[in-house]
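Reviewing the structure listed below.
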């Protein structure tokens, strides 16, 4: 077990590609994406039946955080969207069928 | 960056409207909703193929928390459902296309 | 309100049944499952249009954590997948229609 | 009984029923087959739309005759009476809360059972009238109200002050009833003309969608079967015998008011079937003391398969005896 | 006006329009009816595919005549001119940002309105040509560009240095335009032969899918109606009058270049309709100063229902007067 | 070769193949077109159901003749032999784990390629038999077992003690095989009678659903293409040449046992195609040492498009030469 940061991003699905590129460039190569997320933000929103949000979760090393934020923040300014950071712990697992 | 509370609610989709109203009245105007969530709770559950759960995430100022809990708790008593609170940090973003 | 641990597991949907069994055996009887999660992990992945990931969330008593990790870790080794632990607080709710 | 067996076999050898078995088999052999959410919801919306719309088109063709009025009255009566006598049967073994919730479940109906029966009739070439869909719609909600009245009469916990307006809303405006009635009305308004353009969609797809939906129902029902261990033998017997009993009463009423055979079968199926969606949702809200696993599992894992596989042909056999 | 009223009624008594009402009603009576995501997206992909493919097949049959070229030129012209004069009308009451964004919205088109109009024509037995789909595709994007040029001309905030390549990408390669144009081209390439194998899917399902989609649009539009309080009476009047005005101009042009009646109706509907998907997405990106609730709510909760219910038959009535 | 080129063109000008291109194009021009999950899964369930059910109906019509038995034996043999010789070819450049996993992938089949070939035959008016679906089902799983045996024979890491029961479960009860075989059996049980009611759904929609599914496959395959940089030229050449080689052997066997031309094409396509769903899932579980990006990318981004676009008409050309 060791400490990681959880990055949660909620954004319009049109931005998805760019956000994932941004994470990748910042050194965060793993992520999970949940689609078809409905939502309501600070700004009056487009209709979410048509243009749905995505919820992106990525766990990363704490030291990558600064670069991530620098890469993601300008993207969120465009269509709106929100980014949150919290603490978590990773259960390291080494793939090994034999141990099953 | 500043500190916010993450509110996570898992509840039956029939309750969704009332929960969002409850959040709104407590001053939490932004949220994200993931639908089609399967689950199993403490109580024996209805079949989730038919009556699916929703997973609601809302990040809010710490000072709103008390009102939120007061508004949400009675709703969860009805159909069942669960509510969890944790700490998080918000990456403030001001929308501004020019900075792209 | 009392303290619980949030367990987040992202794994291939083929593993879902076994992971839920593992949680159950460790004493975690409640969970929520989000399907159709796309993702990219450390390993080169199968195409996620075909074999999608699931995102499992379970909140449990801190004392159950050790057993959970022992039960889940070997499963994740098989198809890949990730498990993260963080802190949260539960809003206890006792079901009671009369109080509505 | 010979005829009966051949009816059962001809029912079982229908694609929808066989795919229901296939779904159950998938669970038993632990295949990873599944119909991903929200597809089952979409299929059920389609089925409600198709059956409602077609019913409306046919209702406007036949008009509102005395026969129609009598049938609908019979439907409402059964929806109110079934939960009452079922409640007293159940009280023999269960507490008031569980008895009332299960009684409401069996007083209401299962639209999918109705739809499967109508597909069975279509295949056998037996006619039935569009207004039976109106009967279906009318029988879904009353049992919820009756169930609640029973709880209020037979329990004395005073503080049960839920809002009736909310309950009525859930009972009469839940999405199934709303879509069914709405489609029926639109069918009435657009008539034959509207039917022509919708036919390839509302009729051509119908059988196939039903087949896929029953595949999913097979998966769902089979997953519920392990819950039956907890329900006990009394409830399992109840879940098989009460549909036969209710169908029998339904058939006698149908014979009495002179329904044609096709309508009589659908009416019997409505009486025999139990709700596993609308009523459980309402009961969970209003009678939280009752144990959902009792009413959902019996309705879904026993009564539904029983009706689909044995019940429908059995009731048709009953009709052949009674209408002779 | 007699004919007009009867046209409106025959339009309203169509299943798609009635299901649109049913969707709105569901929201007003607070039923929990909903079409689960991502089904509406799937339905809209299907509709774009079906209309594009059929248009392509018919385009290759008719060939590219002078009539076709004239129609497409008229389409592009209207897509460029409408946002300009609309902008100046809107500037009377709104700031430059909001005016430009709304102008772009009304300069573009709503594919669903077009599709509903084409279903209406099919039902009345009035012919229209496949190349009208090409007009639809051509009219979606130019207004975005015109809107941005207007913002750049009339505001002086210097730092608006967004990337034009990204804007053009959003305008011409968004999924609606891409699928529509792609299906059209494939229709052209495969012609009658491809149509035969696709017909049961692309034609048979069409009406039914449109009906389901409009049910969802009814739900969506009704949820938007409460936003109208914030938009004010000026914008609501605008959202009803400008479509009539635009349709009128469209009809005059259509008459002038000698379009057949069916095509003229579709052209008028294209001029009258407003975009609530592609343009809002582009505007939110490029003119973030504008308030999305203004342009989305008027287009979706006023103009769209107005066109679907009153507009389409009204414009057809106009054609009957003008083409006499 | 003239005929061959015209066959390729007539194949390419089919809507399904063109929509496959459209999907690839969408990725290359960076359009945001996508088929939202879980729609592709639903489409593939439908295709498996439709092909299985139709195959069963036709199997019961033709009966189990010597021809059927010979064909199925040929199918099983090829499914066992292909991975063996493919393994030794691959060992020239790759380690034992990767070689075995890729060999298993190419020993198994791609149902979508088969379905596309059957649509191509239908369009050309060339008959084929329903029992070819049984061959499809039989060829999916053996390669998984053969691949594992190869790993066990050629690697000596002792501790590979995975559970065979789980492997067999994955191999023979995964959802594709289960639904295909189940639908086939139900087709056999319900026969012509069941077919009549299902036809508008199982046949009428077939071509359209295939088209939509191939649109999605185009999106998926194109996204995989960038992975090919890592696979290297050896594997890319392998992914094109081995299908041709396997199809050639398949055709010789087909000629030898006297299959009719339609069946021979389907058999060749089964031999030539590679699995990108079932086998990769099983290999990832049992041979985790192998690199999934090698076997998924070659099968999905090279062999699948090659077969869909060039392979199918090429093998048909081969048949025209051999069957002369």
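Which chain is which? They are A, B, C, D, E and F, in the order written, and residues in each are numbered from 1.
Just so we're on the same page, contacts are C-beta pairs under 8 Å (C-beta built on N, C-alpha and C of every residue); 3 or more make two chains touch, one makes a residue touch a chain.
Keep in mind that what you see is a predicted model, and the values were worked out from it rather than measured.
Think of each touching pair as a link: the shortest run of links from subunit A to subunit C has 1 of them. Placing every chain at the mean of its C-alpha atoms, the farthest one from subunit E is found to be C. Looking at which positions face the partner, subunit E and subunit F present mostly different ones, since fewer than half of the interface numbers are shared.
Chain pairs B-E and D-E differ in how many C-beta pairs they share in contact, with the greater number at D-E. Note: centroid distance subunit A to subunit B, computed from Cα atoms, is 18 Å.
One simple way to say how far apart two chains are is to compare their mean CA positions; for subunit C and subunit F this gives 35 Å. Averaged Cα coordinates give subunit B a centre that lies 45 Å from the centre of subunit F. Shared interface positions of subunit A, i.e. residues touching 2 or more other chains, are given as 14, 34-36, 38, 43, 78, 80, 86-87, 95-97, 100.
Counting partner chains per residue, subunit D has residues 32, 36-38, 41, 200, 204-205, 285, 288 touching two or more of them. Contacts between chains, counted with the stated touch criterion, involve the pairs A-B, A-C, A-E, A-F, B-C, B-D, B-E, C-D, C-F, D-E, D-F, E-F.
Within the complex formed with subunit F, the residues of subunit A that make contact are 13-14, 17, 35-36, 95-98, 100.
Put simply, subunit C touches subunit B in their complex at residues 1, 4, 6, 20, 29-36, 57, 59, 86-91, 93-97, 99-100. Subunit F makes touch with subunit D in their complex at residues 37-38, 41-42, 45-46, 49, 53, 169, 173-175, 178-179, 182-183, 186, 189-190, 194, 197-198, 200-202, 204-205.
Residues of subunit A touching subunit E in their complex: 14, 35-36, 38, 43-47, 49-52, 78-80. Note for the complex: subunit D touches subunit C at residues 32, 36-37, 157, 159-163, 285-286, 288.
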